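Encoded as structure tokens, the structure appears first; notes follow it.
By written order: A, B, C and D. Residues from 1 in each chain.
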Amino acid sequence: MNRDVIVIGGGTAGMEAAGQLAKAECKVTLIEKEEEAGGHVRNWCHLFPDRRNSADVVKYLSDLINQKNITFLKGTSVESINKSKKKFHIKTNRGHEMLSDAVVIATGFDLFKSEKKEEYGYGIYNNVITSADLEAMFRSGDLRKQNGEIPGRIGFVHCVGSRDEKSGNLYCSKLCCVTAVKQAIEIREHLPESKVFCFYMDMRMGGAHYEELYMQSQEKYAVNFIRGKVSEVGESINNGLIVKVEDTLAGRPLKMELDMLVLMAGMEMAEGGRKIAGMSGLNTGENRFFAAADNHFGSNISNIKGIFYAGTCTAPMNITETISHARASVTEVMDYLKESNI
Amino acid sequence: MQFDPFVIPFNIGLYFILIYVITRSVIWFRDLSKPDKLRLQRGFFGIAFGMSLKEIFMESLIHRKILKTNLRLGYMHMSLAFGWFLLILFGTIEADIFGARHLNAPYKAIFFRFFNPEHGKTGFEAAYGFLMDLILAFILSGLLLAVLKRFYSKIVGMKKTTRLKLTDKIALTSLWLIFPSRLLAESFTSGAYGTGSFLTGTLGTWLATFLPARQMAYPFWWLYSLSLGTFFILLPITRYMHIPTELFLIFMRNSGIKTGDKAGTYSEVQTYSCSSCGICIDACQLNFSAGITNIQSAYLMKAIRNNDDVTDIAYNCLMCGRCDQKCPVGIELSPIRMIQRRGGEAENDIRNIYKGYFRSRQSVNPENEIIQANYNFLKEEEPGKTDIIYFAGCMTHLTPAIKKSMVKILDASGLKYNFIDEHGGVCCGRPLMLSGQDKEARELINFNSRMIWKSGAHTLVTSCPICYKVFKESYYLDVKVLHHTQFIKMLIDDGLVKMNFLHKKVVYHSPCDLGRGSGVYCEPKEVISHLARLEKSSFEDENSLCCGGSLANMKLSSSIKKKIALDAVNALTKNNPDILATACPLCKKTFSSVTEIKIADIAEIAAEALIAKPLKIYSSSHLTSIKELANI
Amino acid sequence: MDKFGFTISKGRQIDYGSNDKRIAEYIFEKEPSFRLCIECGGCAATCTSGNFTGFSLREINILIKRGENDKVRQSLKKCMLCGKCTLVCPRGVNTRNIVVLAKKAFLKSDEYAI
Amino acid sequence: MNIEGKRHIWSDYQKEIADDHFFYVRSCIRQSFFPGSEQFFLNLMRNILGKDVYENPGHTTCTGIGYHSDIVPSATIMTVIARHFALMKESGYKNIAISCVTSFGLYTEILDTWKHFPEQLEKTREYLFKATGREFDIPENVAHSSDIIYKFKDLIAQKAKNLLINKITGEPLKIVEHIGCHYAKMFPKSGVGGAEFPHVLSGMIEAWGGNVVDYPERRHCCGFGFRQYLVQANRGYSVSNTAKKFSSMKPFKPDMVLTNCPGCTMFMDKWQYTIKEMEGTSFGDKGESIPVLTYEELAGLVLGYNPWDLGLQYHMVQSEPLLKKLGIEYDNADKFKTKDGKQMPIPQNLINS
């Protein structure tokens, strides 16, 4: 069996797909634009809902791609994809020219650039940070304001760049709610004296154990939830952050001063994925993610025969779903290779 | 003159306690309400006196009720109380017969052996000495049980024993020391003089073989006197106050005095009558299902006596009334708890004067306009004229099956009725009462009363035992109040409805407010027997369990409530009935959430069994019992 | 002010920072299930008093948490403590105790005892 | 506060502002209440910066106040504005310079409407032609006059005689900038620096040596709100908003407020008087009220012009405390004199003087 498959993107989905393809005796080339595989998970500290160390997942994935059938190209991005007679020709920025029988696209997502929501003042007001910045603080174990003080009141703004026509993203990024709850709990653990407020539009706790985590955050960690989208952030004379929101459940506008504000940045189609869509003729949906051939039974299948999708390049997913989706893409690849007699 | 300084502690203690008890009784009597004073006077010079004496003998000395519930515990109490009583009685007689003269000071009887060391050598004297030793041995056997109970409560068949405060511990130690020190004092004296019977004589003779008995005796007589003196002086501020107080309680109860809804002499006497025997703890579902062991009635009584903040204890109770049923002293525990709830957090008003020997009465919280409830918003509507009012109750609206069943049955009966809270009614007021807010409850009661009165009905049927209890007890209505089980029973008896027999095994769970709370035990079971096969459970009638959903408890989390409910369901459904029947929407709802077994209200079973007949309005001449009601 | 024919209104904004949240803290401490409310409104929908008035335990719940106590103080008077709300609550909030505790907390705060 | 972040945003919102040859349209409020501002704008442009600014005597109100009060229908206002464009075309100008933020908002709104609904544009052409026989072109460049000052702010800074420094303390002046809502909140791309962190006024303040105060209610409306003020029953609502805004800036002790909108200047100025009358509250340091200046007035002070020539005396809140801080000499005797030295009546109830 000498079938070549190229996997574009070395995050969770790409690594899982590459690993499973290699197990199925394909010759896999895994292309990653960063210097290291692992994707976003590498930047996270602990994962919801059970708060396991993200390093566990990274280790699992790294072990998986450590196989003889896998060639890992780091620091590499795709320049062009062309198909002729069942063969895909791929050129990279480093001058590789490769042929393959099938391509798996696992370009993943980019976090919404929170500075686009200007009214929240990310990059302008000190101590307005993103969920990713907070994760970095958790990793360093040092949770402080920019001036070194310990924050007393911390707010979380849900749906930053999700469910927001103004951001151009109408969809729900699905993971931010539970991430906010997880991070709120972690803050309360790090700083037991702190008060934490989550500003949400809806609490979307759809996954397994999410609702339980939510309940725990209220019961055990006294996290406060205020239903309302933060409209704007300003600075008080003490450099505190004045947050304006409507408490929609009280039916009244509300303002409060916070020491730190965490923006729950949503997920967007990755820049890399967009480029590939542009150069390859792959269809994208209105939400800019890759459009799958069928929402129910073809979520790995693209409009070009032989190119398959894995993971969050098609829609926001959590790690569990990403890994399942990547495994499913392998099934699709194997079916395709068999049916096309490659 | 027979005297020795060692009798001084005993004498001080004895005269102190006598004077104290007299003073206290005068205060208690003075604080009684006028009618209660009259009752007590009548009771004292009437038949109640004899009843009381008998009860004092049976309960305070023999401890019949404890014996019935728990033989070993009863024996312990009996040996100590009855034994001590006999010891005093026969000791006094002994001193009277054999002493230097008649009518001796009490100490001469108590320390008879010391003052008459040579006594007991002749036949009759020896026989009497044998009797005295026998009594002492009887007491000591009980004491041994008591000591063992303190350290290992299962020995007397108790799962839990009460916890003690410091003065209790000192009093307990002195109590424990009384009889062993008497034993040793008498034994040494007997050993020295060669007297004494099978216990003191034998022990004394043996001790004299290796100890200087004559010299050893004296300190033990001191110890004996000291422990008695200490015990008497501490008695008013320890749980042992129950010994004298219980006598008052029995007299008062037999004279027809009731607890009422305010703190007063009777509630105080009851509080002091609690011996902390712990039977209420074993009976309490919060104890055996939820592991909560600090709120039971014994602790409430103790906390009231100690002037502690009782709020948490008072509110953390299902008010199921199981402890009331089991209390061997017959204290009205739930009414006393209700008084505490009404009092709110009035602990500041209870002043602990004279270090606990006297306490002023707990006063009820002053009303506070700021938080005083206000139900002015309720709009009175004109109810149509009717014979029967069906009042489903708030909870029943959450179990629509019950109200639909009742409507079906009422329709089938052909009686003229009005479903008065069909579109949502006003609460009956009992939940407010249970949280101590009687005045607010009264507003709702008045509102509902006016509605009922305006309808001209002669009968009020309710589906909810909570409503039933309050309608019966706190509404002043000229209507017959029936729980729907009673009403269905009447309909069946009168032949107004016909029922099929359902071939199903049914176990009946008696709701607290209907059973223990209102004494309605038979009708529900009779209705079930008429409709299906009624099976017995181990928790029938007075011994029935609480479902755990009780509105009376303000403190329990829903998970603990579920635990109680699960335990109760499991206990009731040991024999796998087809249906666990109840007669309360709250019980139904509580049980349903923890079990797969079908839980049904009796009304539902009845509605299922109902033989449909064409709707026709009976003329009232057909009615028998219902008609009679109209004539009341 | 009359000469202008209009006045400066106080504004409806909840000023969370300066509001008095001792009532909420008191209830949180004594009845932790107070935190579990997700404002579904089940309690208000089933409420016997809510049948007749705008009384809403859900609203009371949130106003106490935000320290908007004045309205709550008045609303609380309408509760009949019947307990239907406790039965319907999906989160096991001990709603009746919250009402009782809130009343108590108001009393205490009036006496400056909290 | 992170200025880098702001620069980043500003770079996203850089609009093109013409360099010369402006067709100037005046503001109803400004020419009535603060005539010195518009006068100085023309003076500055023509005489100091040497630009060509043309005013057409046939120019009218844009009817914006009527439009925002539901009196003037949109077809009418489009036609009125089209007529302005026609005058501009007839005068041979392609760059429009708008003095009023309300007008500016309407110009941008209407141009955007025409872009999305060309049939409306066609209709407007038809209406205008039928009514007046005129034809018009869409202007090549639409700028608010504050945009133009912003463009030349560095030139002004070079010629500055008084920088925005408190001469008494040596510290930069603390200046609140208030941007009219219709300047960029509707179309962020039409304003310098966008809607959230507009740079148009803060750029001037920084260039001329002052410090910008960012306070929590910076984005809040001045309180005018058109029909909120115009209907007397609603005026409480209008003044309440102003009170809220000033209460929020009060702790920062600003030395002055700089605005670019006629309504804002008027209401932030006059409501301070009203609030003081009603409640006795003033919002500046030491019980003073806060002077509210237009950008032209500030530019004039920076360039060393006589404050009375700039028309500062026509504000309700007088600028004397500010002038003292700036070290600008003035003669109170000249305050209310006409051009030819005649004494005018002196207004009552002025504050800060």
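Criterion: a contact is a pair of C-beta atoms (placed from the backbone, for glycine too) under 8 Å apart; a residue touches a chain by one contact, two chains touch by 3 or more.
Here the structure is a predicted model, which is why all the values come from computation and not from measurement.
In terms of Cα centroid distance from the overall Cα mean, chain C ranks first.
Counting C-beta pairs in contact, the chain pair with the largest number is B-C. Put simply, the chain farthest from chain B by mean CA position is D. Chain A and chain B, compared by their mean Cα positions, are separated by 64 Å. Chain centres here are Cα means. That of chain B falls 37 Å from that of chain C.
Chain geometry summary: the mean Cα position of chain A and that of chain D are 45 Å apart. Centroid to centroid, with C-alpha atoms defining each point, chain A and chain C lie 39 Å apart.
The residues of chain C that reach two or more other chains are 33, listed in rising order. With touch defined as above, residues shared between interfaces to two or more other chains in chain A number as follows: 255. Contact with two or more other chains is made by no residue of chain B. The complete set of chain-chain contacts reads A-C, A-D, B-C, C-D.
On chain D, the positions that touch chain A within their shared complex are 1-2, 4-6, 8-9, 194-197, 214-219, 251-252. Chain contact summary for the complex, chain C toward chain D: residues 1, 3-9, 11.
Across the interface of their complex, chain A is touched by residues 12-17, 28, 32-33, 35-36, 38-39, 58-59, 62-63, 65-66, 68, 91 of chain C.
Note for the complex: chain A touches chain D at residues 115, 118-119, 121-126, 232, 234-237, 239, 242, 255.
Across the complex, chain C is touched by residues 203, 215, 218-219, 222, 224-225, 227, 247, 249-250, 252-257 of chain A.
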